[in-house]
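Shared chain: chain A. Partners: chain B in the first complex, chain C in the second.
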Partner chain A sequence: MSRYLFATAALLLATATQAATYDLTIGKTPVNVTGQPRKAITVNGQLPAPLLRFQEGEEVVLNVTNALDTDSSLHWHGFILPYTMDGAPGFGFAGIKPGETFTYRFKIQQSGTYWYHSHSDMQEQAGLYGPIIIEPVKPEPYRYDRDYVIMLSDWTDQKPHTVMSKLKKQSDYYNYSQQTVADFFREVSAKGWDAAVQNRLDWGQMRMMATDIADVAGYTFLVNGRTPEQNWSGLFKPGERVRLRLINGSAMSIFDVRIPGLKMTVVQADGNNVTPTPVDELRISVAETYDVIVQPQDDQAYTLFAESLDRAGYARATLTPREGMSGVIPELRPRPLLTMADMAGHGGMHHGSMAGMNHESMAGMEAETIDHSKMDHGSMAGMDHSSMAGMDHSTMNHGGAANAEQTPANQVKPNPQSGLYPTAANGGKFLIYNDLRAMTAYPGYRAPDREIEVRLTGNMERYIWTLNDEKFVDADPIRLKYGERVRLKLTNTTMMTHPIHLHGMWMQLDVGKGAFNPLKHVISVLPGQTVYADVSVDAKGEWPFHCHLLYHMHAGMMRKVIVDDSGASI
Partner chain B sequence: MNYFMSSPIKALVAVTTLFFSISALADAGHADIGKPGKASATQRTVEIVLGEMYFKPETLNVKAGETVRFVLKNEGQLLHEFNIGTADMHAHHREEMAMMMQHGMLTPTGINPERMNMDHSQMGMGSMKHDDPNSVLVEPGKTMELVWTFPKSGALQFACNVPGHGEAGMMGQIVVSP
Partner chain C sequence: MSNHNLSRRWPTTLLAGVLASALFTTTYAAEEEIYTFFRAEELGYRIGDGDSFNWDAEGWVGGDYNKLWFKTEGERVNGNGVENAEVQLLYSRLIADFWDLQAGLRYDFNPEPERGFAVIGVEGLAPYWFEIDASAFISDQGDVSARFKAEYDLLLTQKLILSPLLEMNLAASSDEKRGVGSGLNDLELNLTLRYEVVREFAPYIGVSWERKYGQTADFARAEGEDIERTTFMVGVRFWF
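On to the complex of A and B.
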């Protein structure tokens, strides 16, 4: 089916290089990922959906037929295009009714690694996602001998709506790692009785659990649709440079990716070239892409190992000089425990937070910067997190301890006290946002005209996820004026990581590099973290702005952004 | 040092050169990579363009013992290096360059003279200076020169060891023919 697709596209390319037609049919296809027969939602019968290869400058025509018995859609993630072609139902696009064909037409105005997925009815979770490669007009600022897509995803045998309703009924339904009595006594022996008790009390008061890293468990993690056992493999000859296009097409899963024995040189983030950065490991959040170049020198198989952030499992692929070889599969690292530092957005620096802290790692800190005296312990102890979501934390003095690594504001680094602090398995370099530097200066760079704060908010126990405490259905749109430049202040008041996605316009993440700040379509905001991103408002229409964790978006963590000439303020 | 280059940052490089080259010369002891040549002995001039992330041309054919004057034009937007050595030497120098980048001695687009000339011995970095005679740093838009006398034989490469650049393809082969 895909061969047919490419044959058609190739034929058209040969005759008229600047316009190609793609025929895509959304349907259900029997699959068996876990041993249980299930039906996946596919494009042209494929899971993941077929790789689409576009040319920068090309006028594409995509005839998308919906063979499902429910509405569907395809959204071109990260694309700069007219909003009516963006493929998000309710945003100047009605979706595709069962049996109907919608024809998308737009000009490709960018290049790099992207992806597409459904924006309807949580169909991404059921398989409706696929990779896109856009070949650039100009030569790329790096060279390679081979080019592979590594599309990561999370498969569940359950229907997405079943997952959602279980989350609504009992938010920790999938938290298989709840701490047991045995864990408690281990903690007692490690920290002492009082500290261990206090730690439990603190978490109890927060109505959260230290093991709440990911909402949903029971996933099988896939590379290009293959399970770890099915072991997707890519060939190389020793000494060749291999470009890997990492795409996280998961519904809910963030991965730490490494290839033991190889440095990965990051050359692109979210489709945009960055100054090449060699790393040992990187964290790819939901809906992000990273392109890396590796150069295996030895005649051996190498394992690409992508652990889920909660260490519940892994996706695996193999780079090998010959078919049939496989490398050593590392052990999963221990499941991380969130610390009170991950509660920074909740004022996590009250006295109890010290119990969970690793004091060794604090050795290098200036003692005088840890000032708890200004904090009101009394009023915080009894706090219910649901009521805290609406609080303004900007006036809180975190004493420089929890946020020591996050000042100045444009240093986008994880908090060393966080339970999710990224540490490379080999002790080497772990990519962080602060490492990203655009290869070329952004022509639209200038001081922002105004700032809009968007707090990432939620109530875990009730599985309500919101922006500025309002669900999508209840909230007014964010109105932006065409031509203005807006600074988004993204403040994560929750203890989960939220990959925030804006359709139709780039977010220029402030990492202190001015015009060379990287352009992103997804910014993953860590628990308790505040980041800033500037948007040149250069696309009129209605655009979704949301958390790309599928069930968070579905629960209400989304806004409509309206761009017009008036731009009445919110 | 006059064989080195003729450009406005010549003086800077000359200064930094004094500090830097010890490690590379030590390495050079393991493999004969040739030596700095005298401008007067130049038999041939080769122009090499540096950019993101390439050398043009990326293969060099030299005769055994030949002295070549390299004219190195950086037409890119980033700082680049032209470095003659073996694969092992390049791998080692890459780590040094990564440390220099980390300590702000080098930035993505240039050399920070203040940081470069700081005494880094207190930082446990030893002789951390970019002054290897087999290497030239070329800032964006600049042109530098290097005169090099090649050995009788050897498996040599030229590379840019600015972190990530060699990995992304900025490397070339030197074929020494008898």
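On to the complex of A and C.
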């Protein structure tokens, strides 16, 4: 079993630090990503920040110096550690003042692929993110010959506060794919006059846009800090097994990733081993990680192609047997259009036009007892079953529901009628959450003690993002009792995908595999979808719980979770 | 969003926020963030039945739910000086996803005699993408009036936008000194074509048709003024 871990990673990314003490300096570094000179926020002058390589069980000491003229911080994303070391200002940690050094000390209690980033002032949009590899104590249950980090990110020449300000003043500022008069007539010729008009009326009635996939545009997508033209490359010898550690360090961008000509075998998700699953393509949401193993057999270059969800652009890397080669770059697929299924969780929708929904068959349903505005017709996910007495489920046509049986596991599946339904470019297998099965049973698995509903909410028009309709600044903390097991019900009432991140504790996403449900630090909840995740409340302190889309978090889509012995309920 | 508990401790929040934003950079909006906005919707000439310079601008400072609004519009007719000029200062509160309720004061410097008004109105985006600004006024003379504006953006391309606008003024009683009759006072229909060089800056051309009605038209005729006017518009629209 040959490994070239250290040599290759160190050579290709950055200086891999091996000592137990790490000195990191946050500063500004001139960069030129788009042709315009800009200053990135970096660690030790590097974009992305240097690869940190820890050992499971190691006591790490990280001296982080802030050379900026504003507060900063480093947060160890997905780490199990004391909350005062988590690096989120306002959560038992004061941030790092300009010119000061903060020393993080904690024991590494896990292994796998992780990352770190600023939790201050939207600095991760400006470059303050880097990869982390934690070597396990026990050998991993798969083998590979080479190991590369593939850190995806989105770069903009605009300052993050400028982006935020534009969005607050004109929420569709960055959407240059809005439907025009010409688009309307194209739709008329494709679907006929009535359908085209009805479609416009449906969207107009809601005052929402089918093209509203991403809030921010103008991004240059990077792999390990390299643009598509700069083409980050990794070497292989035909027949070798190559481990790719995919990390999405973007502020706002979700990617569909594939390597034409190669199957990717997913072996890890969010740092945790899963039953190896071969796929043709996968969707990596913001702040998630996936480890895949590929085995290129031919003496040719392969393109790793990561298309942004709105198809505005792509990040690209190359796996090649020799330096200087490059593979075919696929065409971007057409920009997707949201459908009424994606609007299913939206309160003000026009019910008459809902695709596939059959009102006539909803016999036994007492109209006055049901609040349609809170119902998620597309996937029946946001339904409050307890209040629906007298409703005969068996006679209902749930429209977009993929399966008649509405188990939590089924609800994780994307709705086939969604405009964002993942489809592999080659028609093959596209990874979905239901494919994830933990390699080992979670020892903390048991029935939850209680359920907490968190609705993912927002006002798109005014760019206000909230949880349960409240901004972070206005909301009371969520209080959990140390030792309890809580079921989170995440109901997405918006038309955007939200990667929901809990600090300090794992979320065990219910995909119907019991103790083998995967442990995640980020759960990406699709428009109109409801998913369930169980949390063993095993870490006292104050923890952020938020949407990992940077501008959503900044706008208020966050909560403080307080864990103590009393855990007075919310 | 119906039931927010808000940073709606206004106006304390607003004031504290303005001060705080001036003094500190926030982490993740741990404090309510304050933004400022200014937009000139019309700034240019109307040429045809009497040439004039026209402006229509608005701006705000505030957070997500509570804002302080400023609006001004007016017309300077070549050879006649400023014919109309008004400013409004309003407190504005988000009352629904797409709607602000606004209340405050309006002051008309022209036409003479000058008048002060109390204002209440709603501004927002109606279904099917109509931008609406509807206000009711009561003047310091006790006269009640109302104004309704609606605008629609039709995208010819992503940057070339055809925009019809309708504005009407109504009054419950006449204010003869100012040429305002009771009933429908006037109607204005504009059609502008703008090119958004960037989102923030768009030169426009357009046509405008205005007509006075009823008693207001009678007052105008008595003054020897035309009651109908058609003009060609040219100018810029910008915001920051």
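Keep in mind that, in the parts below, the second predicted complex is superposed on the first by the 486 of 570 C-alpha atoms of A that agree within 3 Å, B and C clash if a C-alpha of one lies under 4 Å from a C-alpha of the other, contacts with A are read in each partner's own complex, and residues count from 1 in each chain.
Here is the rule we go by: a contact is a pair of C-beta atoms (placed from the backbone, for glycine too) under 8 Å apart; a residue touches a chain by one contact, two chains touch by 3 or more.
Computed from a predicted structure; not experimentally measured.
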Q.
In the superposed model built on chain A, check whether chain B and chain C fit or clash.
A. fit
Q.
Tell me the contact category for A:I293 with respect to chain B and chain C: first, second, both or neither.
A. first
Q) Is A:G95 in contact with chain B, with chain C, with both, or with neither (first, second, both, neither)? A) second
(Q) For A:Y482 in the superposed arrangement: first (chain B), second (chain C), both or neither? (A) neither
Q) Which angle, to the nearest 10 degrees, do you get at the Cα centre of chain A between the Cα centres of chain B and chain C? A) 150
**Q.** Which superposed partner A:T440 touches (first chain B, second chain C, both, neither)
**A.** first
Q: Check the contacts made with chain A and report whether chain B or chain C touches more of its residues.
A: C
Q. Taking the superposition as given, does A:M553 touch the first partner, chain B, the second, chain C, both, or neither?
A. second
(Q) For A:N459, using the defined touch cut-off, is the partner it touches chain B, chain C, both, or neither? Pick first, second, both or neither. (A) second
Q | Touched partner set for A:P276, first chain B, second chain C, both or neither | A | first
Q. In whole Å, what is the nearest CA distance you get between chain B and chain C after the fit?
A. 41
Q | chain C partner contacts - residues on chain A that touch it in the complex | A | 70-71, 89-90, 95, 119-122, 165-166, 168-170, 173, 176-182, 201, 204-207, 348, 457-459, 461-462, 464, 466, 469-475, 553-556, 558
Q.
Show me the residue ranges of chain A that touch chain B in the complex, using the header's touch definition.
A. 141-144, 241, 263, 265-267, 275-278, 293, 295, 437, 439-440, 516
Q: Enumerate the contact residues on chain B facing chain A in the complex.
A: 51-54, 77-78, 98, 108, 163-165, 167-169
Q.
Under the stated contact criterion, what part of chain C meets chain A in this complex?
A. 1-7, 25-32, 35, 37, 64, 94, 97-98, 125, 127-129, 154-158, 199, 239
